[in-house]
Amino acid sequence: MRRVLLGGVTALVVLFTVAPLIVLVFSSFDDGKFFRFPPREFSMRWFEAAFASVEYRSSLLNSAVVAVVATLISVVLGTAAALGLQRTALRSRAALEMVLLAPLTLPLVIWAIALLQIYSWLGVGGTFWGLALAHATFTLPFSVRVMLATLSAIEPGLELAARSLGARPWRAFARITLPLALPGIATSAALSFFISFNDVIVSTFIAGSSWMTFPVRLYSQLRGQGIDPTTLAIGTMIIASILIVVALTELFNRKASRA
Amino acid sequence: MKRPGPKHYLLAPGVLLVSCVFLAPFLLLVVLSFWTQPEGTLLVEPSLTVENYLRIFSDPYYLRGLARTIWLSFATVFFSLLLGFPAAYWIVRRAVRLRRIVMALMLLPMVCGALLPTLGLVNILSPLGIINGSLKQLGLIDRSIPLLGTQTGILIGLIQAFLPLMVLPLVAVMERLPLALEEAAMSLGARPPQVWWRVVMPLAAPGIVAGSVLVFCAALTSFVTPQILGQGKIATFAAMTWQQASLVLDWPFASALAMVMLLIMAALACMVLGFRRLNWVRP
Amino acid sequence: MKTCWKTACSVASIGLVLGGASFAQDYAGETLVVGTWGGDIERLLREHAAGPLEEATGAKVEFLLGGSGDRMAKLYAEKSNPTMDVTFQNIYEAPQALSDGLVVAPDESSEIYGDLWEGMNDGCYAMSLVGLGIAYNRDLVSEPVEWADMWNPDYKGMIAMAPYPSSEGDGLLGVAARLEGTDEHDPDVAFAKVAELGAPALNYTSLDEVFALMDAGEVAMAPMISGYVLAALKEWDNIGFSFPTDPGPVLVRDMVCQVANSPNPELAKMFIKLALSPATQEAYAEELLFGPTNSKAELSEEAAADTVNTPEEVASLLQLDWPYVISQRADWTDRWNREVLGQ
């Protein structure tokens, strides 16, 4: 009885977190311009429109490029920083950890406006690197957090053992710690990528005209003419691609654990 | 054998990035919050005044907004814990094959960003959405119940958005609790609720604290979710900051609002650190 | 075919601006950045202004999309080093940007200035003229619809409003004050009158949202700006739009501004000239029902009926004292939050 209750609560929780996305997917197939329940007619027209629009395609590509670069920076720096933190004395560690997690504490709107002013003074406003570094900065705390958790679960003795057997530090790291940390690296990469990919607020201010990202386009329209259902169709495709990535990782993990 | 010393070169790039791209604008905001905007212009002027802070703390409107935001954030923490704790427990203790899938599903909204799930929620809560539409179909109501533009609507959105931030640390901590402890308690005659209250909860406390802090901070600073679900009718502190920063263009005042928010979070962090220290002192 | 002809005309006209084809290649490799709204406006500007400019000069035109408030923020943040060359702003923003020295004042001696309706270029060049009127549900509200009908107790709690600050909000305050026999310089009266409406049924951010709720009978009336609204209303049989007479609709304008100290001032001027040309203005009117500011634009009967496009129509509109309204922005935002939204 109690087991059923616990399982039931969990099922409800999962349903609650996923329901809005299910509805989003569902409403992207509704023919109307503004979703209403019960829906009227089934239609694929928003998907057709999504594929037909050059602007949507190029902005999706922009988002992807920015997200990939930001993810690379965030994961590499985040992993290095987590390794560094792990080997730092407790006292300075807390302070350094604070610094690395700080970007989570300010509302992004106000931070973006201040950053825009600084970029403008430096003359890097509207550039690709300005945007990519901004994205790397607000995804970095997630990478650091995930990598700290991952590394703390890895037995430090393993790398030490390898070194005592004569392995050079870099080799010991590459052969022992890195493979063990791979799931964590994958997780922080996925988190960073999607958080960057979906960012609206920072990009609205920081992205220049050459690097207009998809969410900026979506949001600018949302506030003018209304929710363009085309964007719901694209949202559906984003969710589908996330699910595919998750499924592939799951498959990969199962194979790996069997091997 | 030599222990590896402190690796500053590993930390340097990350710290450098955060310092340049985050701390520099942050310092600018600190300075700005003491500047003013003279009459008739939107350009700011250097000065040293606490006027902006006085305005926040002397005006019941902003104090009410602050109270409302803090209350919404606490409510989000409470409900996330209420829902997240049993779910995390189930994931750790019962889920075997479903575990990864359940975790992935729970992470999904976080990975999708704020916008997409919120758009979905609008279609659920709107006057023509699923809830009101179903009630109308069933003949229970004629005119829609307002769900968007209410605190309830915002609360639902916040819980939905930030529940994963509660579940993740809970799962991480509970995984390390040996099952034997619970079994031992049971064998000594404790009933399951007692086991939960007296054994699992105290041991999971670090996870509860970590999750609560994450959820609280995220709810406090979140903007897109309350803005869209509140339809601009319910002002949260982040929405007020946005209105001042992006519509009124009073940046000194907006900076002061952001600083107040930051101070609240800092106070919370200090409390949590104090709590941890207490925990360490105890055997 | 017609579009082709128009494009050819624009290309020819810009050739004249440049004073010869040999000049044209000088701009190859340059990029002009134009800040504007996403959606139909972006599409029309690309077709009628950006496309021809690219063809004539070899330069590239890129659009920066967002709300006009975001662009204002960008102007101020980047004042030392602007990245935008041209920006589209609302009438409630442009004069402020000029007085703070962020945009270039319209050139009164230029030919295009003379083509625009007199007295419209406050701060920047006027791009389009629209009026704040009332959208309403035909089944719930009897015609003709006047401003005073919004205060009919039958519709209490069924009025939708735009978020504040906005031209819609300022316009409503101006109307409310006039219904009480005064004007916007008496904000106490204006706010008291708007507050009588009670909290809005909906604080709308998009048109489809309002129309869907109006169609369903959840919202009876909403003060809205003609243009887009009239164009979108063709899809809704049971929703009407009224240009009231007592007082008249509030004149609202979109403005096009040349950013001060921008990287490409010459290209910016050429773009603005194309944006204000009859070709673009006619497309705005025919497709979006935005009234042209260029007096030389010629409209079809259909478009002429739904747009503000004659001197008489322009004269019938209610003009607010925008510089004064703008100077009250911070104060009125606070009052709107408290007194109208009841926060």
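Chains here go by letter, A, B and C, matching the order in which they are written, and residues are numbered from 1 within each.
The rule we apply is simple: a contact is a pair of C-beta atoms (placed from the backbone, for glycine too) under 8 Å apart; a residue touches a chain by one contact, two chains touch by 3 or more.
It should be emphasised that the depicted structure is a prediction, and the values quoted were computed from it without experimental measurement.
In terms of C-beta pairs in contact, A-B outnumbers the other of A-B and B-C.
Across the assembly, the mean Cα position most removed from that of subunit A is the one of C.
For the pair subunit B and subunit C, the distance between mean C-alpha positions equals 38 Å. Annotation: 17 Å between the Cα-based centres of subunit A and subunit B.
Touching of two or more other chains is recorded for residues 34, 36, 113, 117, 219, 227 of subunit A. Counting only residues that touch two or more partner chains, subunit C has 70, 73, 79, 205, 212, 216.
Contact of a single residue of subunit B with at least two other chains is seen at positions 128, 245-246, 251. Across the complex, subunit C meets subunit B through its residues 69-70, 72-73, 76, 79, 96, 99-100, 163, 165, 199-200, 202-205, 212-213, 216-218, 327, 329-330, 333-334, 337-338, 341, 343.
By the touch criterion stated above, subunit C contacts subunit A in their complex at residues 31, 33-35, 37-42, 62-67, 70, 73-74, 77-84, 205-209, 211-212, 216, 228, 232, 235. Residue ranges of subunit A in contact with subunit B, taken from their complex: 2-3, 6-7, 9-10, 12-14, 16-24, 27, 34-38, 73, 76-78, 80-81, 83-85, 87-89, 96, 99-100, 102-111, 113-115, 117-118, 133-134, 136-138, 140, 144, 149, 160, 163-164, 169, 190-191, 194-195, 197-201, 215, 218-219, 227, 232, 235, 238-239, 242-243, 246, 250, 253.
The part of subunit B that touches subunit A in the complex is made up of residues 1, 3-11, 13-15, 17-26, 28-29, 32, 83-84, 86-87, 89-91, 94-95, 100-102, 104-106, 108-121, 123-124, 126, 128-130, 132-134, 137, 159-160, 163-164, 172, 192, 217-218, 221, 223-224, 238, 241-242, 245-246, 251, 254-255, 257-258, 261-262, 265. Residues of subunit B touching subunit C in their complex: 39-43, 61, 64-65, 127-128, 143-144, 149, 231-235, 243, 245-251.
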